[in-house]
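Each of the next two complexes has chain A plus one other chain: chain B in the first, chain C in the second.
Then we have the complex of A and B:
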C-alpha cells in the first residue's frame, strides 16, 4: 500500500505523456487530490481510532482538526503567546496536537459519562460551540468568518533547525526538486509536498497501529464489544476511553496541522464545521469501520470520485464535453440540453454519488471495503494474500 | 395617578426607539416593555423551533431512530411550499387568499412528504432495525446528503441559486405579516404571531394524534415497551412506517413555515441548520418526549431572542453569542441531566 502511494506520482506523470493521457486525466486522481487523500485520510483514521475501536461516535471530531490547523497558522504568524514567530513547523505541529489532546481530555471527561446517541450529541455540541467561537473571534484575523492565512514563509516538514533535512510544503510556496539524486527525475512543489505529508501520515499510521495492537488497544476493542464485561474484568474503562479519545484528538490535530501547512490558510467552515466530521465519517464507513487503514482507502475512493467528477484536472465532464459530438450534447432532455445536464449533474457533484454509494454501503457492505475484504480472506490482507495466491498457483 | 396614558405614549414611541437608547433611559416601564417584547419574540422563535423539532422527537420516541435526514426534508418542504406559492400567488392576490394558499401548500407538502417518508422507511430503514443505532444514523445521514445534492442539481438546472435564500417565495409573504401589531402595549412582529399560531396548531394536532388516535396509543405504548406491544398482537412495523412518515411530514411543515421567515428562508443550507437546532431542542427536552420538546423549544427560543437583543443593543459585542448560547445549552443540559427535561433515562443509550 505504501509502495503504491510512493510510486503513484511518477506513474501518473508518466501516463500523462502517453496517448492514454485524456483517460488518465479523467479517471486517475491528480496529485493535488492525492494530497487531500493524505491529510483527510489521516483525519479519518484518527476518527476511526476512537469511533471504530471503542464504539463511541465522536461527532465533534472536527474540533481537533480545527485546533491543529488554527494553532499552526496562528503560531506561524506569531500570534500564539509563548511561541515565537519563527518556531519550526514540526514543533508547532506537535504543540498544536498536544493542545488538541488536552482539549480531548476536557471534552471527554464530561462526555464519557454518556453513551450512544447522547455521546455523539454532546461531542457535536462542543464542536459547534468552538466553531461559533472561532467564527467570531476577532483575534484570529480581521475577518474571522473567512479564517486566517499564513503570512510568512513556507512551513517545512522535516527535522527542525536542520535545513538539509526539511522540505517546504505548499502548492505554490513549496520546494521543488530538480534532477532527484541524479536520476533525471524532476519533482514539482505539489509532488514534494505530497511526499513530505506522506511521511507524516505514514508515521502517524504506524504509531496508531502500534497502539491498537498493544494491550491498550485490546481494551479499546473490549470496550466496543462489551463495555460492562470489560469493566467487570477490572479495567477502568472510563480512563481507557479518555486516553483513547486524547490520542485520537492528537492525531486529528496533526492531520489539521499538515493541512494548514499545505494550504496555508484555514477557514472555520473547512476545519471546525460539522461537515468536516461528516466527511471523515463517510470515508471511514466506506473504507471499513474499525479497520485502521480502511479510512485511507475510503478517502482515496472519495477523492478519486471527486477528481473524476470535477473539471479541475480534466474529469469525466471534460471528457464527455470534448468527446461527444455536438448533436448529442444539444439533445433535449426534459427541456434541458444534455450539455447543461452534464455541467450541473456531473461536474463537482461528487457528494451526490458518494451519498448513494454511502447508503448502499451502509445497507449491504456494513464492514466497508477493507473490513469485507478481511472477512473474505480470513485475516489482514498482508498476511492472508500470499496464502490465497499460493492456492491459485497450484 | 394611572400609568395607562404613559404606557400608551411609550408603546407608540417604542418601535421607533433604538432598544439600546431605551435601556439607557433606564425607566422601569421601558424596561418591562423591552422585556415583554424580547419574551414575545422568544415565544415566536420558540414556535419555529418547536415545529422543526417535533417530528424528530416523534420518530425517536417510538423507533429510537435519530433521523439525520430531518433537516434535508425541512429544506425540501421550504422549496416545495415556495414553489406552490410562487406558482399561485400573483401581484394582485389578496392577503386572505395568500394565507389560504399558504395553508393549502402546507397540507400538500405534508401529504407528499409523509408518503415519501413512509416509502423511505419501508425501503431503507426497515432492513436495518436489528443493527446498532449507529447504522440508522449513518443511513439517514446518507439519505440527507443525497436529498441535498439532488436539490442543488434541480435548482441549478432551473436557474435558481441554491446558496443564498430563494427570494421569490419570500416576496409572496403578505405585507400584513411584515408589520408590527399592538399587543398589551408592546409592538410585536405579526410574523411571530403567525408563527405562534401555526406552532400552536401543529402542537395541538400532534398532541391529538398522540392521545386521541389508535396510532397515538401504539406510539405511546411502543415507546414504553415495543416487545410487549408486539406481544399484544399489534403490528408495530406498520406503526413505525406511519410514524416515520408523519415525522417526515412534520419536518417539511416546519420547512414551509420557515419559508416566509427572513432569518431562515428557503436555501439548501437550511438542511444542516434545521438539523442542528432540532437536535438541540430535542435533546434539551428529552429524546422522545412531546412535552419536553414543547418546553425546550420555548427555552431555546427565549434564549435566542435574549442573546440577540443583548447583541443588537451593543451590551455584548460578540456576534456569535446567540449560536454559542444555544449549543452551550445543549452541552450543559447533557452534563447535568443527560436524559433531558422530560426524558426517560434508558432511551438513547447503547
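Then we have the complex of A and C:
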C-alpha cells in the first residue's frame, strides 16, 4: 500500500509521456487529488480511530480538523499569543494538535455522559457552535467568513531549524527538487508536497495502529463490543473513552494542519463545517469501519471518482469531448445530443454518483472495501495474502 | 464477614424492589439466593456490583488481605474502595456508592442471567481483556503491543482450560453454543480474580444434560471462591449450597442451611409450593416460574406493586441469622 503511494507520482508522470496519456489523465487521479487523499485520509482515519473502535460516532470531528488548520495558519501569521511568528511549522503543528486534544477532553467530558445517537448529536452541536464562532471572530482575519491566509513564507515539513532536512510545501510556494539524488528525476512542487505530507500521514498511521494494538486499544474494542461488560470487569470506561477521543482529536488536528500548510488558506466552510465530518464518515464507511487503514482506501475511491468526473481538464468528460468524432457527439440520444448529455450527466457530477455508491455500499458492502477484503481473506491482508498467493502458484 | 449489607433498599418510583435487606456472607461460602420472579434477586446483585445505587442502606466488603497473587489496583484504579482493597489492610471498605468498575477492582465479579459477552471477539480475547482489567496500569500502556503481555494470555488460557473451552480459544464468541456461552460467562467473571463471585442464573436456558456440566463448574469454582448464586433449579440449589437466602417481594424472608429453608412455612408458601415437603417434587424442575424464558423477570419487580404493603413478614430460620 505504502509502496503504491510512493511510486504513484512517478508512474503517473511516466504515463503522461506515453501515447496513453489522455486515458491516464482521464482515469487516474492527478497528484493534486492524491494530496487531498492524504490529508482527508488521515482525517478519516482519526475519525475511524474513535468511532470505529469505541463505537462512539464523533459527528463533531470537523472541530479538531479546523482547530489544527486554524492554529497553524494563525501561528504562521504570528497571531497566536505566546507563539512567535517564525516558529517552525512542525512545532506549531504539534501545538495545534495538542490544543485539539485538550478541546477533545473538554467536549468529551460533557458528551461521554451520553451514548449512541445522543453522543453523535451533542458533538455535532459543539462543532457547529465553534463553526459559527470562527465565522464571526474578527481576530482571525478582516473577513472571518472567508477565513484566513498564510501571509509569510511557505511552511516546511521536516526537522525544525535544519533547512536541509525540511521541505516547503504548497502547490505554488512549495520547493521543487531537480535531479533527485543524481538519478535524473525532477519532482515538481506538488509532487514534493505529496511526499512530505505522505511522510506525516504514514507516521500518524503507524502511531494509531500501534495504539490500537496495545492493551489500551483492546479496551477500546471491548467498549465497542459491550460497554456494560467492560465496566463490570473493571474498566472505568469513561476515562478510556475520553483518552481515545483526545488521541483521535490530536490526529484529526494534524490532518487539518497539513491541509492548511498545503493550501495556505483556511475557510470555516472547509474546516469546521459539519460536511467535513460527513466526508470522513462517508469515506470511512466506504473504506471499512473499524479497520483504521480502510478510510484511506475509501478516500482514494472517492477522490478518484471525483477526479474522473471532474470539470477541470483531466476528467472523463474532457476525454469524451475531445476524443470522440463530432458526428458521434452530435448523435441524437433521446432527443438531446450526446455532448449535452455528457455535459449534464458526467461533467462534475461526482457528488451524485458518490451518493449512489454510498447507498449501495451501505446496503451491500456494509463492511467497506478493506473490511470485506479481510473477511474474504480470513485475516488482515498482510497476514493472509502470502497464503493465498501460494495457493494460486500451485 | 466478606460481605455485609445493612438495611439495603432500592426503590423504583413507588415500587420497592429490594426492601431493607440485612445480609452477610462469610468468606468461602456458597450461598444461593432464591425467590419467585420479581423478588428482587437480580436487583440485589445490581446493588452489590454498583450498577444501581441503593436508595437506602449500606454495603461493606472486606476482601482477604493476603491475596498477594493479585497485582491489581495500580494508581489508575478508581476510587477509595479499590485502593483500600489493594493496600491489603484487611479492613472493610464501604462500597455502597461505588461504580461497577470500582466494585470489580475491589474483587466482586459477576456473570449475567442474559449472556453478556464481547460477541465478535475470540473466546480467548474475552477472558484476556477481563484479566487485563485487574492488572492496573497495563491497560494504559499505549505504546506496547498487547502480545508482549504474556501473563495476560497465560491466565486467560488457564481459565479456558478450567471452564473446558480451551479447544475453542480462537472461536468467535457469538458462534459458540448457548451452553458454552454460559460457561464463558463464568470464565470472564473468573478472569478478574474475584474474592466474591456473583452468578446470576448460570444454568438459564441450558439443556438438562448441559446443566450437569455447569453445576460441576460452579462446584469447582466454589472450592476456591466465595460464591453467591441466583438459581431457579431447586435440585441444583439444594445440592450445592452451603446456605440459602430467600427473597420475596424484595424482602429476605429466610436465610439458613438448605434443610431448614426447605422446611420453612413462609418459604413454602411464597416460593417452593410444596417442593421437598412430601418428597413429591423431587424431579428437579424449576419452580417459581420459567427459569429461562422470563429473562427480565427480576429486574423491574413491577408485578409486585404492593411489596411495601406486605412488609413485616420475615421468618428467621435456623441459627444462622444475625
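Here, the second predicted complex is superposed on the first by the 381 of 394 C-alpha atoms of A that agree within 3 Å, B and C clash if a C-alpha of one lies under 4 Å from a C-alpha of the other, contacts with A are read in each partner's own complex, and residues count from 1 in each chain.
Definition applied: a residue touches a chain if its C-beta (ideal position, glycine included) is under 8 Å from a C-beta of that chain, and two chains touch if they have at least 3 such contacts.
Computed from a predicted model, the values in this text were never measured in an experiment.
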Chain A as common anchor, with chain B and chain C clashing or fitting: fit
First, second, both or neither for A:235, with chain B first and chain C second: second
First, second, both or neither for A:93, with chain B first and chain C second: neither
More chain A residues in contact [chain B versus chain C]: B
Which of chain B and chain C A:218 touches, first, second, both or neither: second
Touching partner for A:210 - first (chain B), second (chain C), both, neither: second
Touching partner for A:349 - first (chain B), second (chain C), both, neither: first
Distance in angstrom between the closest Cα atoms of chain C and chain B, superposition on A: 14
Shared chain A surface residues [contacts with chain B and with chain C]: none
Residue numbers on chain C that touch chain A, as the complex places them: 49, 51, 76, 78, 99-102, 104-105, 109-110, 112, 116-121, 125, 128-130, 132-134, 138-146, 149, 152, 188-189, 191-192
Residue numbers on chain B that touch chain A, as the complex places them: 66, 124, 127-128, 131, 133-135, 137-139, 141-143, 145-146, 148-150, 152-153, 156-157, 272, 276, 279-280, 283, 287, 318-320, 323-324, 327-328, 330-331, 334-335, 338, 348-350
Touching residues on chain A, where the partner in the complex is chain C: 210-211, 213-219, 221-222, 225-226, 228-237, 239-240, 243, 247
Residue ranges of chain A touching chain B (in the complex, touch as defined): 55, 57, 110, 113-118, 120-122, 124-126, 128-129, 132-133, 135-136, 227, 274-275, 278, 281-282, 285, 336, 340-341, 344-345, 349, 351-352, 354-356, 358-359, 362-363, 366
